[in-house]
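Chain lettering (A, B and C) follows the sequence in which the chains are written, and residue indices restart at 1 in each chain.
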Amino acid sequence: MIDKIFFNFTRFSALLILIIVAWIFTVLFNHSLEAMNTFGLDFITKDEWAPNLDKFGTQAAILGSIISTFLAMLLAVPVAIGVAIFLSEIAHPKIKGLFGVSVELLAAIPSVIYGMWGLFFFVPIIRDIFGGLGIGLLAAGIILAIMILPFMAAVTRDAMNTTPDILKESAYALGGTQWDVIKDIIIPYAKAGIIGSLILALGRAIGETMAVTFVMGNVHHVPKSILDPTTSIPVTLANEFTEADSSLYFSSLFGLALTLLIMSFVVIAIAKFYFLRKARRA
Amino acid sequence: MASIIDIKEECALHVRDFEFTYKGAESPSLKKITMPIAKHSITALIGPSGCGKTTLLRSFNRMHDLYPGNSYAGEIEFEGRNILGPKEDLIHLRTKIGMIFQKPTAFPMSIFDNVAYGLRLQGIKNKTELKDRVEKALQDAAIWKEVGDRLKNDANGLSGGQQQRLCIARAIAVEPEVLLFDEPTSALDPISTQGIERLVIELKERVSIIIVTHNMQQAARVSDYTGFMYLGELIELGETEKLFVTPKEKLTQEYITGKFG
Amino acid sequence: MTAVQKRVVINKIALALSTISALIALGFLFWILGVLVMKGVSALNWNIFIFEGAPPGYDESGLKHALVGQAILIGMATAIGVPVGILAGTYLSEYGKNSKLAHTIRDISDIMMSAPSIVIGAFVYAVVVMPMGHFSAWAGAIALGIIMIPIILRTTDDMLQLVPGELREAAFALGAPKYKVILSVVYRGAKAGILTGVLLGIARVGGETAPLLFTSFNDNFFTTNLNEAMPSLTVTMFNYATSPYEDWQQLGWAAAFILSMFILGLNILGRVILFAGKKRK
């Protein structure tokens, strides 16, 4: 009797996850219907965002999300791979442990703090070097890169560490140098895991709000250069959700939220179910 | 107290008062080991788990240097020099002293690339030369017949026994002087084991071989000399036939008759 | 230069580059940490804990409202996320095991763990804030709770699976019903791991800002009314930092410092517990 109740409790809790996810999709979809019906494809292909005229085109936000994430990956991936190599192959065991833990702790620092740092300390530097306002895609990309770096390095290192010692030793036994072993053995062996980790970091970067909200500018124009202020999906949501005053405005924001959710869902699913699963099987 | 015979042949390696200490350990794991390794013959190292036989084997190509903090003392003479010296070129040393591991270690690449790996590391780029030497190594490792027509396939698709012979081909392709075998058949079925043992015997024409094994019958079947190790010491080194029939040391006697192990 | 010499040189260059990238990463991160500590510590004083928010220019302004609000929000989120997460993890490890349903739940939950938290905020806005007609602590706590569930679920599932099967069998052999085996044997065996998961889960949602922006919203004054907008450290930090007032920005840094210490503390505590638990075994 109690057994049965306990079982049902646990099963309901587990099913609740599926229910919540389905509910999130349904709610976001229903609320964005108005915008989709009103604008059709214009919703994603136009960048005119004029709440006072009830015109909502999200192209700038979508492009802003994609470009800032792309910039962040471009900057973070090589450094993260370097850090991962350093942590798994080069560093002295003691440094490995210490550095490894601090990288993981840094990954836990709230992203809003990265954003604050970016606004007060990094944007002025960009302004000094490149001129302009300092805020925009470049600042967002760099701060996003710094923010995802610890996570990316930690998971990439974990993927590299799955290479069996005996395989590495075999390559050393043939007269390989450390770099030979890294590029010929570790990276090919852990390839799926490394790619999966990088894509997973990408999935997180797309949805990251607070690190970029400070420095993006929230201007709904497709920028001419990466130095111009623009916006991204999370930035638009963070800035405008509490200001929306018409149902079409709200509906457009929900449409953006749904777009963001689908984008990150797809990216994360590819990372987890294609690459990381393949890595685990190997 | 140890009983070490003098060997008739020339020495490939000569170990003298060798000691090895793992990082952070208080006492050495290998104590005052002195032993000659005969050229073009097979020397087996036997003894119970933890006796130090693998530790000794991994000292010959300085595998322990991959992990910081380990230390050597004494001397291992190879080609007229002490390879424990600080100036020893480990990359060169390891191309002269190859190694085969407990488990097959096919690299994540094609069969051809696996065997060509060591050759390419030495800077051989000429396609015909690579092709010839890969083919010869595969033939010498008695696996050419099985894989000759699918060299482009992923090496991880081969069976365990095939992979182990592939690893042997990879090791002999660079023409080493010495080959170290670390329990090479412990992950294999009896038929594959037989194939590897036959191969090891054939190879001694060209290289000097040291084989660590937990299997006394294997040592008896393949080796010319056998060393028995216990608690980090070399208790006895003798001709294999004599050691297994009339051991000089009581400990050896007890081990080969199964009183402990 | 021979091929081998060339390899040795390339090796040195590659290793140097990789070390340099580690130093670059470390440099940036220390820069951020340094700023956080310098700005945060210099902004710390007792007033922060005594006074609530005030208009810019007032001496008697603090973060009491945000500290208490943060504690209330995290407490409520924990009360929502932890039981659901643990029960769901229990289902996966003890009942669902390798069934298709269990795997589907694991997969979906794993994706949710990395899903954008601002989207959860939008969802809660639609299902809680809109029907209620106003922002509330409830809405914020529900959003954080939803974010917490997958984290707790995952660690519970993992930790329960580490409990050896013999332990369960031994308890079953004594005639205990399954729920008792789970409650008294399995949970006890996985105690340290689950506790660590809970702490890490709290640390994770404690740093969330985005899902609170339009659920619990913010308030510059002290409140314990759960039906009203509730201040939090993170949203306060955001508002203060983006304000043009120097003294508000100062308070923002103080909030950032306090929050980071709290989160780092939880992370370290979680690791220590897990490590101590492992050592005992």
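The definition used in the following text is that a residue touches a chain if its C-beta (ideal position, glycine included) is under 8 Å from a C-beta of that chain, and two chains touch if they have at least 3 such contacts.
This is a predicted model, so every value here is computed, not measured.
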{"item": "Chain pair, most C-beta pairs within the contact cut-off", "value": "A-C"}
{"item": "Chain whose mean Cα position lies farthest from chain B", "value": "C"}
{"item": "Rounded Å distance between chain A and chain B, as computed from the means of their C-alpha atoms", "value": "49"}
{"item": "Inter-chain centre distance, chain B versus chain C - centres from mean C-alpha coordinates, in Å", "value": "52"}
{"item": "Where chain A and chain C are represented by their mean Cα positions, the distance between them in whole Å", "value": "17"}
{"item": "Set of chain B residues in contact with two or more other chains", "value": "91-92, 121-122"}
{"item": "Multi-partner residues of chain C (at least 2 other chains)", "value": "4, 7-8"}
{"item": "For chain A, residues contacting two or more additional chains", "value": "175, 177, 180"}
{"item": "Chain C to chain A touching residues, read off their complex", "value": "4, 7-8, 10-11, 14-15, 17-22, 24-26, 28-29, 31-33, 35-36, 83-85, 87-88, 90-92, 94-96, 101-102, 104-105, 107-112, 114-123, 125-127, 146, 149-150, 153, 177-179, 182, 203-204, 206-210, 213-214, 217, 234, 237-238, 241-242, 249, 252-253, 256, 259-260, 263-264, 267-268, 271"}
{"item": "Chain A residues touching chain C - in the complex, by the definition given at the top", "value": "2-3, 6-7, 9-18, 20-21, 23-24, 27-28, 31, 78-83, 85-87, 90-91, 99, 101-106, 108-117, 119-121, 146, 149-150, 153, 175, 177-180, 182-183, 200, 203-204, 206-210, 213-214, 234, 237-238, 241-242, 253-254, 257, 260-261, 264-265, 268-269, 272-273"}
{"item": "Contact footprint of chain B on chain C as seen in their complex", "value": "2-4, 6-8"}
{"item": "Interface residues, chain B side, partner chain A - complex", "value": "61, 63, 66, 68, 91-92, 94-95, 98-99, 101-103, 105, 107-109, 117-118, 121-122, 167, 170-171, 174"}
{"item": "Parts of chain B lying in touch with chain C, wherever the complex brings them together", "value": "91-92, 121-124"}
